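We just call them A, B, C and D in the order they show up, numbering each chain from 1.
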Amino acid sequence: MTTAPAPVTVSASAPVAGLVPATGGGLPVGRIGADAGRDAVIAHLREGARLIRRSDIQMVHAAGLGHIGGEFSITDVLATLYLHVMKVSPDQVADPERDRLILSKGHAAGALYTTLAAAGFIPPDQLATFMQPMSMLNGHPDRKKIAAVEANTGPLGHGLPIAVGTAIAAKLDGSPRRTFVLLGDGELQEGSNWEAMMTASQYGLANLTAVVDRNRLQQGARVVDTNDLEPLADKLRAFGWEVVEVDGHDHGALLDVFAAVPAASGKPTFVIAHTFKGYPISFMRDNVAWHHKVPSAEQVALALAELETS
Amino acid sequence: MTALTASAPRAERALHDCRDAYAATLIELAAADPRVVVVVNDSTGSSKLGEFGKQFPDRLINVGIAEQDMVGVGAGLANGGKIPFVSAASCFLTARALEQIKVDAAYSNNNIKLCGMSPGMAYGELGATHHSIEDLAWLRVIPNLTVIVPADPVETAQALRWAAEHTGPVFVRVSRMGVPDVNPAGYEFVPGRAVTLREGTDVTIIATGTVVSRALDAADDLALAGISARVLSMPTIKPIDTDAIVAAARETGAIVTVEEALTSGGLGGAVAETVVRHHPVPMRFVGVPDAFAPTGSTSWLFDHFGISAAGIDAAVRDVLDR
Amino acid sequence: MTALTASAPRAERALHDCRDAYAATLIELAAADPRVVVVVNDSTGSSKLGEFGKQFPDRLINVGIAEQDMVGVGAGLANGGKIPFVSAASCFLTARALEQIKVDAAYSNNNIKLCGMSPGMAYGELGATHHSIEDLAWLRVIPNLTVIVPADPVETAQALRWAAEHTGPVFVRVSRMGVPDVNPAGYEFVPGRAVTLREGTDVTIIATGTVVSRALDAADDLALAGISARVLSMPTIKPIDTDAIVAAARETGAIVTVEEALTSGGLGGAVAETVVRHHPVPMRFVGVPDAFAPTGSTSWLFDHFGISAAGIDAAVRDVLDR
Amino acid sequence: MTTAPAPVTVSASAPVAGLVPATGGGLPVGRIGADAGRDAVIAHLREGARLIRRSDIQMVHAAGLGHIGGEFSITDVLATLYLHVMKVSPDQVADPERDRLILSKGHAAGALYTTLAAAGFIPPDQLATFMQPMSMLNGHPDRKKIAAVEANTGPLGHGLPIAVGTAIAAKLDGSPRRTFVLLGDGELQEGSNWEAMMTASQYGLANLTAVVDRNRLQQGARVVDTNDLEPLADKLRAFGWEVVEVDGHDHGALLDVFAAVPAASGKPTFVIAHTFKGYPISFMRDNVAWHHKVPSAEQVALALAELETS
């Protein structure tokens, strides 16, 4: 049961250099259903991701705070899930049978908020309040303020255990609903994840899909220079999971990966999404400096120009 | 710690392990409501949940020895519409999963019930790693979390039933050491409400959980010496019953708190903060002082620290200076 | 929260990020003693330890995002004869590794220094997950742990030097939000000792860390209204300076505590427990009440909760009832 | 530098059925050096382990508390380490250059205490105080009371991070001293262990040896029925460790394993010691009931008789 495609608004105008509009313009883009055909879905996701990134970078600039690098690395995954894959829509946020996404790397809240705005879950005009006093858009997501948020995250290593719980609940209910959880790669250094992986394997949670944003950068350095994860796929497999590697910026490939869940093996699926922090912006991409650096007005203008052609 | 007065004769009282009431109540709740599930960390036996597991095998979720995962899984089950009772030794549940309790339970306002088993010094000889005497101080300050410390099996059962009905995060301390029934027939637990178990005019003894019976014993002994002690049982540590505390301060002029916990930060801390805010009176604190306990059995440690009728008696005389 | 009196004129004061003093002092200590090492959880930058890492690359141990491991590794380094400074955001250090702090640091009596960076509401907009306002309540009750909250860069440096000399577990809260120098020239930090920054007779304001300057401002304002407020800075939360508190209660008759922390359990709790034990007087508590903070910047949140000269002023008038 | 063999006392007398002596009798057996020759060393370890088990079961019976099952599964490993392998002796407990053992599965304190008594680190007459008021022999080891104890353990999942710290300290000092850490298999469900394994791998801690007591039982059930660890060796290898599997009751095999550390690869070594809870007692062996069951006087007598011929 995929919801019908919402009207697609693709009205973003080219930015005036040096002038930063308050939000990305053109949001919401809405969800697109499977009946639209694969090419149309991919085009929709690509355009959606572009608008989400536009919106996000302007929002972060306006707030003077945010984690733009790690937001841009997951934008394509979030867009794919919220604009198409997941069975959840704005009028369904309290439906027990909804699919769930838990953003474990909660510092990338900006990407979640702009995606939720794009998909119609929160009013786009709220984006201007990001980080402001009394805003519903806190630096990390708060489910008490936004109905579409499934879990309050921010401290790393909380999302996967919670996702295991929602997946066990679905299994107990005999429900086909699915749980997705999106983690950072540095985040996998938290032991709580490995606890949860063992539980997921023991309970045969085929309805659970974890996606790791494999951008190879963490807060202060490259992952390999901090606490290497390789051989990551071997680790995940040894913990009893199906492992799929994918280009985390390729919407078509992501669609295929998510379509293959639940795996026939009955195992939970771990998607290693190979991404770049700051993608696709030339001066941010794969650059650890952009963990929580805030772009200047000039940088926003440059980025928006690059996004036009991305 | 030697008593300053003769002991009053004590009636023979049967002692109960509150885990029995706990286990029976969870079975009752699970039978009535399919949403009730239990999450454990290899603690099925120590939580006395073997029978629960037999009756509801799918609804006893054992994550293994992994407390962070355990509380997170509980939060996820709550998100999925279940009413999870997370059941683990209080020392590990609270110390090992405190951020999960803060964030996944309280800040997220998930409908999760955290059951701290065998708290206090129930694992006396196992040492400070296994004593959960900081839990009240740690949890009491977390916003949006209700903290309950039942005193006997009836109160344990009632607190659990209330927790199952209530939507939101609750911590219940489930005692293992033997306790007598302390609440009167027909007793009904009301969250946030202190229970006056004995009227008195000279001093108020405020006790929680396992030590309420000792407070009653001390009041008996003090009566022999002409000291009239009010005894309040305080089953809810958060929110604390401000009115009852203020009335005690105003009407009796002195307070002694008693808990199977550190003398800092827990019940004693909550009462001290209330008193200075509303009606300052002298206080004494009976519990574990600022030290890791030596090796010893639960009952030896209670005596060692003066968490006994004699110790309470001495604290009362000290605060009254007579 | 509006001031009840006019504000006294404030001198221009430079504000300091105490992490600068922290980083410089660790470099100084490391240069003098090869046993000094640092352990971080991907927090090199947020602890301002980049330069330390350049000068002592082998002695900056980054375990990655893994707080339990971080404190355990620190304990092991202490066992191996090192003097580890474990440096991480206070919210994660304390909430995520509390059992390691209890067991591996305090109960084991390891020579480990726990440095809680950017505590309180330094990460204002990032929300309650990143606010470390429970840390004082949580850590203060752990036996054998010294808990220090410096108020300015000089005190930060001195507290760290003392911690390096002292054999045993120490927690130091290292503030990020800008603070002015509050201690007088020639000041020397003495662990466990309160500092009288201003004499007064009507009331005592006891403050710790970042808010000491606000207490001084409030005292200035109150003086205009003829209220004489003593100001005590309390850099050591555990052990608390009982003598200074009792003298304040006795000599001024009322106390207001101020902290960048919950109003329950931390400095306020410690003072309340001391006061009712020794000399009960009315108190008020300035800090974060029992709630998760809304979204907002650090300075907005301080004003929102009345952790300001105006808020302190109001609390003083409330406790004095005038 | 292995210390010279202490005088070997092998004076344990056969038990009188139904009568439980206060301690095992015959302790201490002392350490044995490499110059004694392999066969003599093995004989010494076998006899030492036998006397340690004798002492332990009587101690647990007398205290009415203890974890005899998980103590008997590690007795051979502990005896091998303390009576021969480790460079530490009673007059060296404060020597910075000593080898270190951290008993991460601290509930097996009884095995540690009796081994330390056997090796001369604590007076054997202290064993009678096990769990008694003010005893130095707490239910879990306390380094403030016993100089030879390296870490206060009890909560599972603390030992490996601590061991990583001692191993990093040794590496910083350029010292050849080694760290050993002994874990339960159920204990490996704690995520803190996997955090520490990543750190150990990242830091190339060849001087660190972890031994997992692979008795396949945890507190309330079999490991496989709780939260399975298999494929355990694959997990450990994927986390960057050398993995060696060994019969944890075979002293000769254990000697070989420990002699091969540090590994030439520069990796830390994980020893999977295949053991039986309650070994070698017929009615305890591989029986989850014996996690913290206390043997009756009759059971002690039976066990002592079985130990005579073990």
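The working rule: a contact is a pair of C-beta atoms (placed from the backbone, for glycine too) under 8 Å apart; a residue touches a chain by one contact, two chains touch by 3 or more.
In UniProt terms the chains read A, D = Transketolase; B, C = Transketolase family protein.
It should be emphasised that the depicted structure is a prediction, and the values quoted were computed from it without experimental measurement.
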item	value
Neighbouring chains shared between chain B (Transketolase family protein) and chain D (Transketolase), ordered by label	A, C
Chain at maximum distance from chain C (Transketolase family protein), centres defined as averaged CA atoms	D
Between chain A (Transketolase) and chain C (Transketolase family protein), centroid-to-centroid distance (C-alpha), Å	37
Chain B (Transketolase family protein) and chain C (Transketolase family protein): spacing of chain centres that average the CA atoms, whole Å	30
Whole-Å gap between the CA centroids of chain A (Transketolase) and chain B (Transketolase family protein)	42
Intercentroid distance (Cα basis), chain D (Transketolase) paired with chain A (Transketolase), Å	47
Touching two or more other chains - residue numbers and ranges from chain B (Transketolase family protein)	63-64, 66, 68-69, 92, 95-96, 99, 103, 107, 129
Sequence positions of chain D (Transketolase) contacting 2 or more other chains	142, 152-155, 157, 189-192, 195, 198-199, 202, 226-227
Contact graph of the chains (line, ring, star, complete, other)	complete
Sites on chain C (Transketolase family protein) touched by chain A (Transketolase) in the complex	42-46, 62-66, 68-69, 91-92, 95-96, 123, 125-127, 129-130, 294-297, 300, 304
Complex contacts: residues of chain A (Transketolase) adjacent to chain C (Transketolase family protein)	63, 65, 106, 131-140, 142, 152-157, 186-187, 189-191, 218-221, 226-227
Residues of chain B (Transketolase family protein) that touch chain C (Transketolase family protein) when the two form their complex	92, 95-96, 98-99, 102-103, 106-107, 128-129, 134, 137-138, 140-144, 255, 262-266, 268-270, 272-273, 275-277, 280-285, 290-292
Complex contact set, residues of chain D (Transketolase) against chain C (Transketolase family protein)	96, 100, 142-144, 150-155, 157-158, 160-170, 172-173, 179, 191-192, 195-196, 198-199, 202-203
Residues of chain A (Transketolase) that touch chain D (Transketolase) when the two form their complex	189-195, 198-199, 201-202, 226-229, 231, 234-235, 237-240
